[in-house]
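One structure is given below, represented as structure tokens, and several questions about it will come after.
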């Protein structure tokens, strides 16, 4: 049997199952209106079809997945454009630009807005569209330059507090917690989570981890000798972190499947 | 002109926004909000370029009957249908058909794609368990300890849980801090390179 | 093995979903404690007002001494109410409630709104008057009153002095090292396995006659990781053009697509092959995370690229992309600054650039003096941070002094 024939048979089977499911879901609908039951039956069956089409990707690429993917991408692109229009154009631009447009779209006109300044991004936006015309397409670089420059300027300073200064200042942790001398420490040594030993060990691990992690990220010195040892310790600490994060998210990721299984076996097949 | 003006624009707006961070006055805050708004509004025009790109690529596939050209029809038709329903003055984003399509087509597919992570993380774990070096063994052991935390391990449950919690709090914090410091510095350096015009590949060539 | 995992997960999910459906939980809200009227507490004392520093001119800092009944006795204070008005003799209805703080707190930053049509408008350069009441159970004290005070714009945020010092030091170091690099002094950069693999990976793609997929992530043009990825994209595009291979660059944002097109076109032009550039190779997919991933996954499985390069801002889709690449048999090089996604890239990809390595990669690829200079400046600042941490920790260990938090956490009052 050729793959085309097999595909045709599979498509026919899927269509048959779709039809049977649609009829059965419509029949078991709770609404008084026959149209609503038929519509809801179709929607549930179609959602199941799309769900199973996506799952079929785990086996191999196939026309069902391709159809679901194309539909998904198209709907998403359309949705995002509509959302952008209503939230940005109508929600943000129109109330500041034009009273008559505000009335048309039923949004409150902002009396005190700076109406002239709002046309500057319009000009930049129109310049961006020159990209569609090959001869003057280079003009679009001006708009790109504005966006890149503005965002680079924002990023130049805004990372400093959260990603550098706060992190460095929070690294100044006490290395000897509640220290009352070696004798006292040895007498009270225990593996209790809130004990002195664990607190001191934890702070030393953090201190060594941060130092060696920073050494690992040194690019201008060869990682040899003592520097290499520190770098090695740094990468080991990083790997422990990555392993811990990986293990921690496993169950969370698996639980994402629960919703889909509940939909398939509950809402569709009424087993659960 | 083709590159000089954009470089000047990058420098001016980059420096203005960088200086704005230190100036809390009202004109400065308003300027900052304006720039953010402007970027959002320009993004709408950029969407036109996005639609154009999609239509151009899709139409090209259909015209030349490239492989899987039929699915380009599905993508384009669904996109324009969604736009038609969404931009309709009768309901817009809250319109019946628009919401029906969103809730019964988009959401189920989205949830299913997200749930594929369950399978992928299982297959990634299976591959990760074949540790080939000391460093990957360390990763494997750490991952195993965290995974075993949620399983009934009898008398070992408490020690494993404690070690796992400690790993999430202590070495995890150290590594994330080291990465964050590096990322902060790298981010500032990259932004500086852009503002000063040291990096200019995004401007293209004459 | 794949099917065993599938079966296991299905059974596990069925069990979990049964458990979730069987769970019911209910709890009754606790009964509210009845308020017992009591005598009014004593008012707060010594009410002082001043312009809120480091703000946009619409804020006043209000400070008072705690009421003697704060946290004590039958007239115990529960909270303090702060009111604001334009006139000291205004009727009660014209006193606007600025805020409430709990007992024990003796200051409040009244950050009003700057729009004149807003209910909480706090005008600049206008006389303002304040009243603070100590509030007990159902009663409040007489007001502590003060004024006038005026709010002013501030032109420099003194709390951001550390950032300013950092920027100045960074700039000085950058200029110094750029000058050194321009003078021909060799600035060493340690090898990055992921970047060294790019050449080999492009060569592999050429031999196999397969394209290279370059994914910029789901960030916008405003994300610094995406900007860093553009700088690498240009260099990769140049190598791709030199090797005469093809490239696929799916983009999630139209502006990212536009910049990526310029970057790739420039890369081809640098390699002397501008005619080989195909506009359709860099295209827009959609602006949402999972539809984008679905499309890229489909591209990976169908086009079977020899090399997948994922450099930029990624979230949950990182594992989806990387595992699909494994299924397609591609060599994968990834890099992101998102710490939460690095584990998945490390596990699933052949080479991973961790955090800052993504930002260093462009310097490594280009080897230009300007780029190497900034990389050196980054390293020097890291060294300064290391020395600071080490020295101040040693100071704390040997002297017990905790000096560092004061400069970084200056109070606003």
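So that you can tell them apart, the chains are marked A, B and C in the order they are listed, and the count of residues begins at 1 in each.
In the analysis below, contacts are C-beta pairs under 8 Å (C-beta built on N, C-alpha and C of every residue); 3 or more make two chains touch, one makes a residue touch a chain.
All values derive from a computational prediction rather than experimental measurement.
Chain centres here are C-alpha means, and the one lying farthest from chain A is C. The busiest chain interface, judged by C-beta pairs in contact, is A-B. If you average the Cα atoms of chain A and of chain C, the two centres end up 14 Å apart.
Note on chain placement: the centre of chain A and the centre of chain B lie 6 Å apart, centres being C-alpha means.
Centroids built from CA atoms put chain C at 13 Å from chain B. In chain A, the positions touching at least two other chains are 54, 57-58, 66, 69, 72-73, 75-77, 79-80, 84, 128, 131, 141, 144, 147-148, 151-152, 154-157, 159-160, 164, 168, 171, 207, 210, 214, 217, 238-239, 241-243, 245-246, 249, 253-255, 257, 260. Counting partner chains per residue, chain B shows two or more touched chains at residues 18, 21-22, 39, 42-43, 46-50, 54, 68, 109-110, 113-114, 116-122, 125, 128, 139, 175-176, 179-183, 185, 187-188, 190-192, 194, 202-204.
In chain C, the residues that touch at least two other chains are 2, 6, 9, 13, 160, 163, 167, 222, 224, 227, 255, 258-259, 262, 285, 287, 290-291, 294, 302, 319, 339, 342-344, 346-347, 354-356, 360, 375, 378, 382, 385.
Interface of chain A with chain B (complex): residues 43-44, 46-47, 50-51, 54-55, 57-58, 66-86, 88-89, 92-93, 114, 117-118, 120-122, 124-126, 128-129, 131-132, 138, 141-160, 162-164, 167-168, 170-171, 193, 198, 202, 205-210, 212-214, 216-217, 234-251, 253-257, 259-260, 263. Taken in their complex, chain B has these residues touching chain A: 2-3, 5-7, 9-18, 20-22, 34-35, 37-52, 54, 68, 71-72, 74-83, 85-87, 92-93, 98, 100-102, 104-106, 108-122, 125, 128, 135-136, 138-147, 149-150, 162, 164-185, 187-188, 190-192, 194-195, 202-204, 206.
Chain A makes touch with chain C in their complex at residues 54, 57-58, 61, 65-66, 69, 72-73, 75-77, 79-80, 84, 112, 128, 131, 140-141, 144, 147-148, 151-152, 154-157, 159-161, 164-166, 168-169, 171-176, 207, 210-211, 214-215, 217-223, 238-239, 241-243, 245-246, 249, 253-255, 257-258, 260-262, 265-266, 272. Those residues of chain B lying in contact with chain C across their complex are 18, 21-29, 39, 42-43, 46-50, 53-54, 56-57, 60, 67-68, 109-110, 113-114, 116-128, 139, 175-176, 179-183, 185-194, 198-199, 201-205. If you check the complex, the residues on chain C that touch chain A are 2, 6, 9-10, 12-14, 16-18, 20-21, 115-117, 160, 162-163, 166-167, 187-190, 192, 221-224, 227, 255, 258-259, 262, 285-288, 290-291, 294-295, 297-298, 301-302, 319, 339-340, 342-344, 346-347, 354-357, 360, 363-364, 375-376, 378-379, 382-383, 385-386, 388-390, 392-393, 396-397, 402, 404-405, 408-409.
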